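The chains carry the letters A, B, C and D, assigned in the order they are written, with residues numbered from 1 in each.
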Amino acid sequence: MQIGLIGLGKMGGNMRERIRLAGHTVTGYDRNPEVSDVSSLAELVEKLEAPRVVWVMVPAGAATQSVVDELGGLLESGDTVVDGGNSRWTDDEKHAEELAAKGIGFVDAGVSGGVWGLQNGYALMVGGDKEHVERLLPIFEALKPEGPYGYVHAGKVGAGHFSKMVHNGIEYAMMQAYAEGWELLEKVDSVTDVREVFRSWQEGTVIRSWLLDLAVNALDEDEHLERLRGFAQDSGEGRWTVEAAIDNSVPLPAITASLFARFASRQDDSPQMKMIAALRNQFGGHAVESKE
Amino acid sequence: MQIGLIGLGKMGGNMRERIRLAGHTVTGYDRNPEVSDVSSLAELVEKLEAPRVVWVMVPAGAATQSVVDELGGLLESGDTVVDGGNSRWTDDEKHAEELAAKGIGFVDAGVSGGVWGLQNGYALMVGGDKEHVERLLPIFEALKPEGPYGYVHAGKVGAGHFSKMVHNGIEYAMMQAYAEGWELLEKVDSVTDVREVFRSWQEGTVIRSWLLDLAVNALDEDEHLERLRGFAQDSGEGRWTVEAAIDNSVPLPAITASLFARFASRQDDSPQMKMIAALRNQFGGHAVESKE
Amino acid sequence: MQIGLIGLGKMGGNMRERIRLAGHTVTGYDRNPEVSDVSSLAELVEKLEAPRVVWVMVPAGAATQSVVDELGGLLESGDTVVDGGNSRWTDDEKHAEELAAKGIGFVDAGVSGGVWGLQNGYALMVGGDKEHVERLLPIFEALKPEGPYGYVHAGKVGAGHFSKMVHNGIEYAMMQAYAEGWELLEKVDSVTDVREVFRSWQEGTVIRSWLLDLAVNALDEDEHLERLRGFAQDSGEGRWTVEAAIDNSVPLPAITASLFARFASRQDDSPQMKMIAALRNQFGGHAVESKE
Amino acid sequence: MQIGLIGLGKMGGNMRERIRLAGHTVTGYDRNPEVSDVSSLAELVEKLEAPRVVWVMVPAGAATQSVVDELGGLLESGDTVVDGGNSRWTDDEKHAEELAAKGIGFVDAGVSGGVWGLQNGYALMVGGDKEHVERLLPIFEALKPEGPYGYVHAGKVGAGHFSKMVHNGIEYAMMQAYAEGWELLEKVDSVTDVREVFRSWQEGTVIRSWLLDLAVNALDEDEHLERLRGFAQDSGEGRWTVEAAIDNSVPLPAITASLFARFASRQDDSPQMKMIAALRNQFGGHAVESKE
């Protein structure tokens, strides 16, 4: 089938290739003319036969909103827009309503796979009305990994991004789990080869996983991670997961601890720990470390 | 080779079978005569040719201590004892010294695999002197999963149990990660099929793992886990992991949160939340829920 | 001076009394005619001489919005509205802009004091432009506790509610601190009189505080809090504090733990702990507690 | 009455002064001859009339053990030893048994007050048999603050140090509460005077406390704590509190979070965050910050 794909960055570019390899026709648009197949969104829409399918793969927030707005003006009733970016699930309903007013369908798709997706396939979590989702099935089939897993129609509009968001929240805590264990093992003297302990865990243990395999890869490149700084970014979904938990009165202690550990990792100095030091000094006369 | 195996419960019994399937001779002892090959530890020791290897697979603490003490009196210089139970790593050095005084070697082996070990193999994390560990290699080879992983000589005496303990600490936080994500997904309306979301994650995602596969199995048996109570035991290793972290000044927020969530799950009513309710009532006149 | 006061519930009613005791003229309005001085907002506005000052003391969210909207239509340029309720700080800027369009000033005031405020005074944290805040000083003076403390002009519009929100976040963690300590003391055998331990802490310790005094009051009424359930509500500010922290990449582990402990206290059964139990059963054959 | 006091450091020296001001006779011993009243423990014991009372105020662990051992050899049946240091409660029972074998009584006393104790009095939490505790009452009376609070006989041997340990655990979480709130307030633009917000909280709020007063003192010395590093020591009691909680299956999320925040504050770089960065790079090609 035919599909338009907007956003040809690291993710979008690889997805275009994987869809084409499955035999579909992809017309890609990107602001960067070197990778773009067309010179404007208008040209992209023109090139597609109605009813059109357009997959949006641009940064969440303002960029996605702007593309959705522009597509609302270019597309026709019966067309379908898929937001495959990392949008917050609360944006999906707004986008769906905005487009529905013009008869345009909307599907949200959470996409997991990172740099491995081109080769292994992308896991897809999809939200939207059945009629819109079903039009997309050949594309989902092309993108997803082989085998029975890696695709789910999770529910209504927003359910795809919500599921992907929770996936990332879980990912935060799993990464934190391995990271905490690794630090503790590295700290004690009796364990003399932590990398080999991690490597051995790849079979027969309760904690074997793809993330564990990646940890072993990382340790093979740099046994004690001495070339890295302990500085971890976060990309939004972890924050949204905690916010969704608060909205729903669900306690998420491990996921939240993992998010906060990242926040702390990015501070040169901790203001709250200055206050702790100041208070200890006030009541106990404890020495403080000063800036010089 | 020949080996004595003490403790033929759920784990020990299956391990005897797996070692025998690999062609070794196992003499097993258990207090339960129905499963025991011999009627006493003394008889077990008598049946083995020197230098003997005896694998202890009994509950950590008093039971293991008692067997080690008794073996200290029965075995000879040149024999080797393996503690494959869930002993605390701090016990290992004591046991090693006690036996070394009689010329008996000591190896600690953390064993992972649970009810799946007979079929898939047991992951083994081993601590001890090279000479003692190497005598055991044929047995480790028989127990471990096929392939390159699932066995490590982690370091000195204690390193095996320490590594297994950290494995379990990581396991706590990974389980908590999936559990938190599952609860949040179950709570929102837009996601209409949480089980299928979990199932889809088994390929192509960052969070695919054996524990995820087990979660899907569990949901296939009971889609919303309605037949279970939210009551989670802990078996000691999680506690020891946190204690080891405290000894080493290593922050373990996610693992500790996971342990505390289990503690809380076992309380009929939370004393600390009574105090919160009492304080809110004191300063704000907020209604409290009384026992009626 | 003259002031209109909208909302005469537990807080508003006492505040009217305290302002009157200071010699000011308060015209109060409440939907409940039994406590109201006037029969409508229109009548309240009519009774006040321009430039008017109206203090809004109704529930945050829709109720406050509705009163602000209505006042926007009734008041005149030069009048001032104070929102003394528990509004989210993000609402303040919206309300200020809405009223500023009509020349009406806006001040946000976070108010602490609960049922003790009438007697001891209310702590006030105020945000807004200096000119609007200064008009209110006689009222703030009447409401605040005697002495040098209990009032601050914290900054721009929103700063009052933001400061009060953080106050409540701190309060959550302080209450949790005492609650955790109390539970631990109650659990051990060697400490035979926990209430007397708490009582003794009221002088000479690092942890003496007003909340501690309240804890002792509560224990004097019910030594082991046996008449309460461990069930703790939360009123919004704790959630907003965590959300503000996430917006600002500030780690708040203790405050967030305190919020989550309240969430958990309100669950009859913990879904996430069901998943933990299910996973333990899957890999270890561990017994689970079923619903019977 | 007469008392021997061993250890005349920051705490012990001030305590000697406060006891003397109350009219008692204190014979002090310290390894530092400049502050010591006698030249040896033997001389100290000799100077006291039987039945003697000796207060030990030396660092917990080896130092206290050594003094207890030496006193066991010097004192006689009917004498009483008080351990007023920061000993772990688990040491108390050992010391009590060791001395009881010689007919010597033992009392454990947790002492709070820091550098303010000389002036305000020391809060005392005491454990031990009634007969031994009652002999000490005149000394406790001299040390404690005036008024009805600041002293408790908490229970059996160990209960004093256990109560003091929990006091310190609570203190950790209270300090963390203020520190988290302060960091959040400092981070936002709308709040222009955080120090004045803290100052205002000293009356009329739910969170007024002595620690809050100290925080204001600290901010008066250094408004944004710019002269300090965010580096916080811990003195043992926080760790023991968490360990006691684990022993008793009591969840302590806020206190433990406070302890871990201190651990993290003392790391130049976070090993666990290196692992997070490494994993993000592995699966997402996310940039990492390298050491240069």
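One rule holds in what follows: a contact is a pair of C-beta atoms (placed from the backbone, for glycine too) under 8 Å apart; a residue touches a chain by one contact, two chains touch by 3 or more.
Computed from a predicted model, the values in this text were never measured in an experiment.
The pair with more inter-chain C-beta contacts, choosing from A-D and B-D, is A-D. Fitting chain A to chain B on Cα positions gives a rotation angle of 180°, stated in steps of 5.
Distance from chain D peaks, on a Cα-centroid basis, for A. Between chain A and chain B, the centres computed from C-alpha atoms are 33 Å apart. Chain geometry summary: the mean Cα position of chain B and that of chain D are 37 Å apart. Centroids of chain A and chain D (each the mean of its C-alpha atoms) stand 46 Å apart. Residue positions of chain D with contacts to 2 or more other chains are 114, 176, 178, 180, 183, 187, 206, 211, 250-253, 257, 260-261, 264, 272, 283.
By the touch rule above, chain B contacts chain A in their complex via residues 89, 112-114, 117, 120-125, 127, 144-145, 147-159, 162-163, 166-174, 176-178, 180-181, 183-185, 187-193, 196-197, 199-212, 241, 244-245, 248, 250-255, 257-258, 260-261. Per the touch definition, chain C reaches chain A in the complex via residues 206, 239, 242-243, 246, 249-253, 256-257, 259-261, 263-264, 266, 272, 283. Touching chain B in their complex are the following residues of chain C: 10, 114-116, 175-176, 178-180, 182-183, 186-187, 211, 214-215, 217-219, 222, 225-233, 253, 257, 261-262, 264-265, 267, 269-286, 288-291.
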